[in-house]
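Each chain carries a letter (A, B, C and D) given by its place in the written order, and its residues are counted from 1.
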């Protein structure tokens, strides 16, 4: 693992041009190790605890293979699609990822510029390291705001109103992160959040109620976690479409639909929540079955290629969110890197569609998938005569 | 494996404070290698023969993942629960483990103190290295006595009466250990029981009938093993609740319930009995199905985390027993270690419940589980350009 | 991997006699590493992208084991068979493989001579490195011509008429290679097509329309890919039987049968197309079910032994195509190598038939197969006492 | 693998006492590497071709775990059993293995003596390296004769009459070895049969008809292989019970039962026939289903322990044959080694029965088995803090 324990003095400076040797979007995952300090890389690449869910997220995509069709007319093929009534140039969104200045000074502003350059939608994290107003001002891209409920309702409401004012066109309420368990990998690597990086959006609300009383036990840590009433309260405060992120159970999906939520992001937080939960991909078909064919569903957690996107769409997603690859590409080449990575992902999806014989996103369904033949480990071929 | 073959002169002294770097209860498993002589560690960590069941016990937990619910009100969440009509602060019991002075001079007395400190129930082994009376006198904790039938009925009865007199509130009759096959690992490591450690409870019964005639064959070694009549005889001798430990077959569970037994510990003796038997976790749902929803069931064999406990409860257990982790923690820091380990386990269970949306032990059921996606081996990510 | 990175100066010269130490046809796979420059070997041995499909192709054969019959009379046993109404000495065809001069100066001419020597049918690639006329002139073997649709219909038609004139007795239209994605392995090895090797059949059509306009996106690269109308146009231009190669989806197979196509080659292009598609072997039984018992089906992608051939025949194939082994054997000993490899494959099939109790190709069906017991990794046996 | 490539000069001399450090019957497998020249060991330990079936044979046993019963009365427990109407002290037979003098000068005579010492039945191979008469004269043990059909019927008949005359009490006709494919392992190790070891039983029949005409192809090699008429002819020549060995297909089992055959040995020749066939253990329940509960069935191929024997009996076998362990033990300590190994196997079976709660061989059935939980590779536990 010589490439992994790079000392910080050997880290490369972020590039100002597209890096050589990058052939696929996923190539940024390895290359980023040269641009991100090892403890920070461990934090980003890691999931939670023993990283079981992190591994399962990838394995879930390997459960399916693609069964292509031949001789289809692709003359009008396109990735354009409609999600929750809105037009998108492609179904690939930039996921909300906290503290992006950890890997590049441009941080969320650079990601937002890349969104504009690639006709992508940016979802800005509540925990962004540039303010939601600064990010909005920096880009004409379509923007959604990811909302964490704050311990005090007025603060939550203030965030919503600021997002509305800054031009964010939807809210994405994350509900699966009430307790964050760090990965052993990040713990061993010694990651900590440096003092110059902070959740600037929350600066004016801080150090008040949440630390009021010491916690009696784990449950009391959650006394401010949102419940169904909080979500209904939020619906009454804004006209913005509300997405809920972090759904895995079909019963929750049904209840959220019944409540009038705009759509759902099927997600296990990229394996960063409770280690050992179900994968988005295994729950997706069950959730699609529970909410019916028309209800808007996005998916994240584990996507690394256009082929992964194709499989998620085939199982019922309307679009996908890209988290880690966004950060890796940001670390390598800022806005340019993120834009290049998104271009590669879109092209990989186009190749998949073309090879499978799909000329529209809405064509992609389960008839293009088959269960994978389990692959035993197959060693390299060598001449045994010596 | 540099950490494994530590010579005894390098062993650390048992700590008198909570060790640094322990983040999860399972961390004691690795740390204990610095406090226990290698042959003894091999004996404790090993199972039987080739350790197939030992490995299967762990794998059985990996067959399931958790499917959490969102937005639940956790304001009255608690681990308090009722097992066989008694109130427990949490469903985590200290399993009977023989000869605890092997790893710490405090032995079972320290484990008993830890039970008191963490509102846990201690199950003391017949083969304890402190006498059942001394252990009882040392702690106000709730205590059960694990009973091995002795070759002579009077000795068995004497044990029962002593346990009653000392304040043990239930008997746990272990039935799956008629023949112990050591693990190859312990054999290779050269483990033997040192002369200063012995089954003090049995001192007054020893060297009499069991070695009377040389064994003709394997079966004759078992001529004193208990049968159904012996169990019924025991029921007539005591008013204490009687649990039976070591049950794997649903038909045996049904017969024991019909006999009026208080409850069952689904167990394969932590993989220390016949190597190659079924796992507790695979049999648990079948046994729950056989005895109905209300019959008390505990489970052991393979539990290393709060997540494992959550899965056992979801599949039908009312509580679990903790064996090896108890010994590992005892070796590291005596009563303090065991108490710390139990606190961590309980918190891990609380985290699981909170993240899954369960506010009571009785909420935890199969609707929170999904079969795991099989995870292919996924290598670490490295930059391949060098 | 000392044998793999052989420098070109150490490469062996192609042999003029059958190599020693070759016991099975697959042995040519390893031996060829001594005769083919490493980058070229990587290109040939590799599939596409991460080689997932390449590995799955092999794994698919491991899903089945053979269940033999006893005491059968084999006195009239034979591999002779009828495919699409024609007599074949055995069901093993030489697959179309491009640019065979890459590994041996004899190239496709040597493969054609080997076909004649072993009563095999040669399928010549459109991208052959000897002209289709030269290959035809060099051998009396039965020959089919593999056709890639050209961007200009007149060129496609010219190829067809030249094939007819040269004596090719069938066309094999490949439809699954609209976009070729190289394998990472070949990319890393630095493979490129040397200037002296080219698609000589296409020399007179080149550099005209296909590069006319720069591509707008991936889809526009495919504006000349054939569709159903193109295939029907081809049917009207020739009386030769037309096979379609690259079919994986049962619905496509049904449609092709309905169109009057002679037969189908179930294939994923040896894992060289879109990485992550279904395997030929997993789709074969579904395709056989879709087209009925009589429709001619061939299969390729992953075959390395007579046992593999037996399994493909049992699942519904009428014959198989041999690609990589053909090239490996060609590199080692030219026509002699290819002929030897084909003789070994046929003998391996004969051994399989004999051991399974089949005296005719048409006897081989699913009653001779069972699902394989999954094999855990089993280490070597060593004496642990030292 | 330092223990494997022992040069012959370092080989140990066969012992005259039971070796130390042998705890289980399977331990002879590793220890034998010190007593058998490496090429010969490779030949014995290997199966055929790539040894796929050899590995699958072992894996097939791992598909099941044992689900024990409690509190059973074992006071009259015994391994005594009836097979095909005859009384056996235990259901473990010594399989026919050719050329036993390869590993010990005592060869088959020593194995026969061990059979007598352990109340076992010996099955002598047609290809024994001591004559069937000498073996019979050396031991009072129950003996069966394994028969290979000879190219000339008179020779086959002569063998049968000699076996009758020498006191063999049954014939075991092996039918699955028409073509032997050596294992790559044995080929690489350079094994050959030394001239001083030969099939002495066949000395008077040799070098006559079988090499008459050179083989035209693989099938013609089999022109003398037995068919159904040959088997019926054999039935008419002898009053000895006739077992057929090498059956895997349930349809063959049914046909053999209909023919009046005494019983069947479900076997894939220990993985030494066609590599890639079904395992005995996977076919056993299907064959038991096909022939009904009463028809005598034996099994071999893969048994290494009493636990394996228990599983075979549970799935429907009446007894098992021990091949490789017999040879390993023979190499280590001659008759004494074989007897010791058989004693260990029987004790291991007794332990299994006792722990499972079975007091008779006929008690052992499928209610004692469960499918195994698939075990992921679980690494050793180490302290990660250093």
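By our rule, a residue touches a chain if its C-beta (ideal position, glycine included) is under 8 Å from a C-beta of that chain, and two chains touch if they have at least 3 such contacts.
Being a predicted model, the structure only gives us computed values, none of them experimental.
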item: Copy pair chain B, chain D: interface residue numbering same or different (half cut); value: different
item: When chain A is superposed on chain C by its C-alpha atoms, the rotation angle in degrees, nearest 5; value: 90
item: Most distant chain from chain A by Cα centroid; value: D
item: Rounded Å distance, chain A centre to chain B centre (Cα mean); value: 41
item: Chain B and chain C, separation of their C-alpha mean positions in angstrom; value: 58
item: Chain A residues counted as touching two or more neighbouring chains; value: 62, 374-375, 377, 384
item: Touching residues (chain side chain D, partner chain B) in the complex; value: 23-24, 62, 65-75, 77-78, 307, 347, 350-356, 359, 367, 370, 372-378, 380-386
item: Chain B partner contacts - residues on chain A that touch it in the complex; value: 1-4, 21, 29-31, 33-34, 45, 49, 52-53, 55-56, 58-60, 62-63, 175-176, 178-179, 181, 184, 187, 217-219, 221-223, 225-228, 230-231, 244, 246-249, 251-252, 273-279, 281-283, 374-375, 377
